[in-house]
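I'd like to ask some things about the structure below.
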Amino acid sequence: MKSQDRALALYRTMARIRAFENAAEEASRGGVSAFGAALSNDVRVRGPLHLSTGQEAVPAGVCINLANEDLITSTHRGHGHTLAKGASMEKMMCELFGRATGFNGGKGGSMHIADFSVGMLGANGVVAAGIPIAVGAAHALKVQAKKSIVACFFGDGAINRGPFLEGLNWAKVHELPVLFVCEDNRWSATTSTEAMTAGAGPLARAKAIGIAGAEVDGNDVLAVDLAASKLINEIRKGKGPKFLHAITYRFKGHVSVDPATYRDGEEVARALANDPIKVFVRNCGLKKEELEKIQKQTHEEVANALRVAAAAPWPDKGGAYTDIQDAGSGQWT
Amino acid sequence: MKSQDRALALYRTMARIRAFENAAEEASRGGVSAFGAALSNDVRVRGPLHLSTGQEAVPAGVCINLANEDLITSTHRGHGHTLAKGASMEKMMCELFGRATGFNGGKGGSMHIADFSVGMLGANGVVAAGIPIAVGAAHALKVQAKKSIVACFFGDGAINRGPFLEGLNWAKVHELPVLFVCEDNRWSATTSTEAMTAGAGPLARAKAIGIAGAEVDGNDVLAVDLAASKLINEIRKGKGPKFLHAITYRFKGHVSVDPATYRDGEEVARALANDPIKVFVRNCGLKKEELEKIQKQTHEEVANALRVAAAAPWPDKGGAYTDIQDAGSGQWT
Amino acid sequence: MDVGKSRLSYGGAACLALDRAMAADARVVALGEDVGRGGIFGQYRGLQQKFGGARVIDTPISESTIMGAAVGMALTGLKPVVEMRVVDFALCAMDEIVNQAAKARYMFGGQGRVPLVARLPIGIWTGSAAQHSQSLEAWFAHVPGLVVVTPGTPQDNHSLLAAAIDSGDPVIYMEHKELWSLEGEVVPGEKISLGKAKILQAGSDVTLVTWSRTVQTALEAVKRAKNISVELIDLRTIWPWDRETVLASAAKTRRLVVAHEAVRVAGFGAEIAATVAEELGIPVKRVGGARIPVGYSLPLEDEARIDVEGILRALTNF
Amino acid sequence: MDVGKSRLSYGGAACLALDRAMAADARVVALGEDVGRGGIFGQYRGLQQKFGGARVIDTPISESTIMGAAVGMALTGLKPVVEMRVVDFALCAMDEIVNQAAKARYMFGGQGRVPLVARLPIGIWTGSAAQHSQSLEAWFAHVPGLVVVTPGTPQDNHSLLAAAIDSGDPVIYMEHKELWSLEGEVVPGEKISLGKAKILQAGSDVTLVTWSRTVQTALEAVKRAKNISVELIDLRTIWPWDRETVLASAAKTRRLVVAHEAVRVAGFGAEIAATVAEELGIPVKRVGGARIPVGYSLPLEDEARIDVEGILRALTNF
C-alpha cells in the first residue's frame, strides 16, 4: 500500500469506529441497569455497552497489518477491533440490536461480538479470558503449519489476572505466532489501573517472560502502525510472540450509562484534547476533501446500519435452542 | 544467636528434616497408586507423599529468621517447612499415620499438614494455591498493625500458574510483609521445569512486578540464611514484599513411589554429590562430636515419633463429621 | 438510621448491614474490584469514606487472589466480605472457594476457621447474555463446608448478610443481579437466622418452594392461581435448607412444586423434589430454566427465564 | 492390536482409543502436564513417542491456559484432548470450561464450535484427602453446552473416549481416579454412543441406576440382594442421560434407587430421582456420599464412601 493510501485507510478505520460507537451509544440510552441507570422501553441496544471511543488508533494501527486469514481475539470492549479486522458494520449493528441478522444471530450482543469470516474470534465478557484462547489459536496455527498469526487485544486491567502470565509464558515456551496488544486506557471500570498495578508495567512483565516488544503512543495511529508492523514482521519470520503496549484513554464511562464522575476533570479534558482522530487530521497532511469524503461515507454507512438493524427481524424463539451442543440436542429442560 | 549456635541450629533443622523424610518414605512403601505402584496392606503412611529430601537447606535457612509469631504457607511438599518452623515431629508423624493425635486429627495427612500454633498455615494440594493465602495473611497482619511477617514457599513449577502473578502484584500494590520463596528443585512432577518456563526466571518475574530479591544456592544453608535474613530485615522495616529464589534439587521422585527414571542419571548423581547436608558438614568447621550428638538426638526423635505414631489412636468415625461448618451442623447427608 | 423502619433498596439494605457490622467489629473488612467507589451497584456506597481504604480494600482484577487472600485473612483473624460482582466471574476463583475456603477448617483439623462472606450475585441480568446470567447455587450446595444464602427481599438482604458475617462459616452469599433496586421496608438490625425458610403465604392444596428473584414471580403466580390454595415458601438459605418447614408443609398439602431461575437440570430444585419424594412419596414438580445458555436478544433471553405461566401450569397440573 | 479382544486396563483402553483417534485424524491433539511422559497414570503412554511433541503437547502448570488454549485450538480446527489430572485441579480452569468452552458455540451464533474432550477424573483417591477426592459430575450436567461422560469399565473407557473425541461437542470426560488399573476385555474400535445407558442385569423388583466406580459396588450389592430382583443400569453418560432407558425400567419395577459416590446433596442422583418421581410418581431413594470433605485417615475416608451395605439397605427398605 502506498503511504497515502495507508494513511487514508487508517483514517477510515478510525472514523468508522468513532461513528459506530457514537451511534451505538445513542441507541443504548437507558439500556443498562448498573451504575444506577434505569431501563427504558424504547431502548434499541440492551445490556452493557463498552465503548472504545477515543481508543480507535490502536485497533486501526494494529489490524492494518493483518490479512484476512490472520486472527484476533478481543475483550468486552470489542467493536473497534471487530471493525478494524474488516467486519461489516451493518451486521454488528444488527447484533447489538439483537436481531437474527447479526453476526451471532442475536445470541451474543456487544460483549460476544464475533465475525469468524474475517478471523475475529470473539469479544469476551471475562477480563483476560481472550488471552489463552488467542494462544490456543496460535498453537493451532503452528500445529497446522499455517502462516497466519494472531493478534490478542486486552486491557490494562487484564495484566493483573492470572491468564496474562500463563498465556504469555505458554506462547513463549512454544514460540507461537501471537502479537499481544495491551490497549491501555488507564482505567479498569471505576478504578485507576495504576493504583492496582505494581512494577514497571505490561512490557516489563512481558520481557521478564522473554517476550520482546514496544511501548507506543496509542493515540498516534501512525506510530501504532509502525510499531505493530515491525513486531508482526518478526512474528511472521517465526521469531515467536511479541508484545505491544499502546497507551490511550477511555473517553467514555466504563459502560455507556456510566457518567464516570470518578475521574479527574482535567485528566479527561487533556485526553479529549489528545483525540487520536483530531491529532491524525491535524498532522496527516492529507487533503481535507479526501477526509471529508471518508467522513461522509462513514456517516452513510452508520445511518444505513442503523436503518437495516432497526428493520431487521428478531430471532425466532426456537433459536434459543440451537447452536448449543449436538449430543442430547432437543433435551433442553 | 552466636554464629556457631546458629550453624548448629541450621544443621539440626536439616538433619531433622532428612531423618523425618527418610522415615516417612520407609513407612510409606507401597502407599500410592499412581505411577503404577500398587497398594499394600501393611502400609502406615497412605496416599501421595512428596518428600523434600535434598531440599533441607531452604526451609532451614529461611525459617531460622522467623519468630514463632511469623507465619508461613507451604506446598504439597511441606514437611521440611513445617519442621523448620518449629512444629513437633511426633505430631507430624502421627498425622502421616492418620492418627487422632496428629496435627490435623488425621483429617489432612501429608498434603495438608499444618501447625497453627507455630504459625504454619498449611501445606496445600494445589500448586500455587498457598500464594494468595500467604498474601491474605500478610494483608491481615497489616490491617491488624501486627509486626510479624509471612514467608510463602512454593515450587519452581508454581511460577507458571496465574496466582503467582496475581499474588505478587497484590503484595506489592499493598506493600505487604511477605517473603516469597521459590524453592526451585528443577522439576515439576515428571517434567523439567526449565522446558516449560520462558524468560529469565522467577526473580526476573518478581522484579518486573516491582519486587526486589535475591537468587541463592539453595543447597548452601548459610547462603540461604544470609540472603533470607537481609530480605526479611527489609520486610520488617516496612519495605514491602521481597523475593528469594533458592536453587536446589529434588533427590527423590515426585512422590515417594515414583522411581523418577525420567531424569538423567548424571544430573541426579551431580545433585547427590551436592547434598546440602554433606556440603555443610564439610565446610562448617563445627566439631564432629557436636554434629554427631545432634545426629543421634535426631534419630532418637524420629524413632520416638514412629513409635508414638504407630501406637497412637485412630480418629473416631465421628470425627469425619466435625470441623466442617457450624450452620447446618449435623445435616451431613 | 437504626430506629424503626426505613424504606431501602435491596442493595442499600445490604450496605447498611455491612456498615453496621464494620462499625461493630474491627475484624470485618470488605475487598474487591471497585468497592472503593461504592461498588458498581452501590452496594458499598460510602463505606470506604467511612472506614478507610485499609478496611474497604480496592483490589486488582485478580479473582483468584481476591478469594485466596480472603481465605488467608480469615485464617488469621479477619472476617472478610468478598466482592465478586457476579457469580460468573467467581468461576475464576473456584479453586480458592471450593478447595481452600470450604475445606481449610476440616483439612487442618479445626486449627483454623474461614469466616468469610463471598458475594456472588446470581441470575439473569437483562441484556448481558450467557457469561453474566448464571445461577449456580446448586453447585455450592454440593460442596461440603459451604453455607449458601439467597436473599429475595431488602429485609432479608439486610438481616441475612448480617447473619452471614456473624456466622463464622464460609458463606456463599448470592444476591440477585436484578434485585439491586427493589425497594422495601427494612427494620435495621432485625435478626434472621441462616437456615430458616419463610412461609410467605399459608395454603392447603400445594406447597410452592422458591427463592431469590423467583419469589416475585411466584407471588404473582399465587395471586393468579384462582381455585387453589398455595402455601408459598421462600427458602432463603439453600444450605442448610429448611427441610423441616418444607417437609411439614408438603406433608400437609400433599403436593410440591419447586421453582427457580437456575437451569432445571441438576438445579437445587432436584434436591428438594427428590427429598420430598423420598420422605413423603407425594407428587412433586419442578420449574426451572431450560438447559440453554442465556441469549442476548430479548426473545432468546425470555426463553431462558421461567415465568408466571410456567409456575401456574405446574401448580395446577397435578 | 485391532483384531479381536484384548485384556486391557481401564487406563490402557483409553490410551488405545486416543492412539487410534490420533492416527486416524490429524486434528486430534493431546495436551496437559506430564503427558509427554505418558501421563502419571500411564493414560498417554507411548503417544508422544509415536505422534511427536507437536501433537502430544507438554504444558506448564497452567490449568487456566491449558483449558483456554484448548478452546482456542478447537475454535480454529483442532480437536484437543485436554488432560486435567483430576477434577479437583480443573477448579483452576472453571471460567475456561464453563464461560468459554460450554458457551462459545452458542454465543457466537454457531460461527465456531468447540470440539474438545476435557479429562477430569472424579472420585475418592485413597489417602489423598479432601482436595483430590471430589466427584463433580453434577456441576457439569447443570451447565448448558457440555456433555458429561463417566465410563465405568475398560471397554466403556475405550469406546466412550472415541465417541467423545468424535462428537464435536465440548465433553467433560470423567474417568475414575481409582479405576486406572481395573482390567477387562476390550474390543478395540467397538462403538458405543454417547447418551446410552447399559442394563447390566435385568430385574423386576427395583431399578438401580449408577455409574463410574460405583458400578462395582452396585454389582456386589446386587449379588448380595437375595430375595429381590434388581435391574442394574450403568448410566455411563450423565448428560444427555438416558431418560428413556431409566424411565422404562422404573415404570416396570416401580421402585428406583440411584447410587453415586459424589456427595448426595445436589448430586446428579437428585436429578434422576426427581425426574422419576415427577414422571412416574413411584418411590425413589438416593444413596450418595455424606456432605463432608474426604478425610485423609482411613476411618474418616471410609465415612465419605458409599458402600455395599448402604446400597443394600436402600434396595431392601422400600
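By written order: A, B, C and D. Residues from 1 in each chain.
The rule we apply is simple: contacts are C-beta pairs under 8 Å (C-beta built on N, C-alpha and C of every residue); 3 or more make two chains touch, one makes a residue touch a chain.
What you see is a predicted model; the values in this text were computed from it and never measured.
Asks: By CA centroid distance, what chain is farthest from subunit B?
Replies: Greatest centre separation from subunit B goes to chain A.
Asks: So the centre of each chain is just the mean of its C-alpha atoms; given that, what is the distance between subunit C and subunit D in Å?
Replies: 30
Asks: Take the average of all CA coordinates in subunit B, do the same for subunit D, and state the distance between these two points in whole angstrom.
Replies: 35
Asks: With chain centres defined as C-alpha means, what is the inter-centre distance between subunit A and subunit B in Å?
Replies: Here subunit A and subunit B have centroids separated by 45 Å.
Asks: Can you check how far apart subunit A and subunit D are, centre to centre, with Cα atoms defining each centre and the answer in Å?
Replies: 39
Asks: Multi-chain contacts in subunit A: which residues touch at least two other chains?
Replies: 104, 106-108, 112, 124-126, 160-163, 166, 169, 173, 195-197, 324, 331-332
Asks: For subunit C, what residues touch not just one other chain but two or more?
Replies: In subunit C, residues 59-60, 62, 64, 88-89, 91-92, 95, 99, 106-107, 129-131, 144-145, 239, 265, 290-293, 295 touch at least two other chains, as defined above.
Asks: Chain touch graph shape: choose line, ring, star, complete or other and state it.
Replies: Contact pattern: complete, every chain touching every other.
Asks: Quick check on the complex: what are the subunit B residues that touch subunit C?
Replies: Going by the criterion above, the answer is residues 71, 73, 102-108, 112, 114-117, 121-122, 124-126, 129, 131-144, 162-163, 166-167, 169-170, 173-174, 322-328, 331-332.
Asks: In their complex, what parts of subunit D are in touch with subunit C?
Replies: Within the complex, subunit D touches subunit C at residues 64, 88-89, 91-92, 94-95, 98-99, 102-103, 106-107, 129-131, 134, 136, 138-139, 141-145, 239, 262-263, 265-271, 273-275, 277-278, 281, 283-286, 290-293, 295.
Asks: Flag every residue of subunit A that touches subunit B in the complex, lowest number first.
Replies: The contact residues of subunit A facing subunit B are 160-166, 168-169, 172-173, 195-200, 204-205, 207-211.
Asks: Within the complex, which stretch of subunit C touches subunit A?
Replies: On the subunit C side, the touching residues are 33-34, 36-37, 40-42, 58-64, 88-89, 91-92, 125-132, 178, 180-181, 264-265, 288, 290-293, 295-300, 302-304.
Asks: For the complex, give me every residue of subunit B touching subunit D.
Replies: Touching subunit D: residues 31-36, 38-39, 46-48, 95, 98-99, 104, 106-109, 111-112, 124-128, 157-158, 160-162, 188-191, 195-197, 262, 314-317, 319-321, 324, 331-333 of subunit B.
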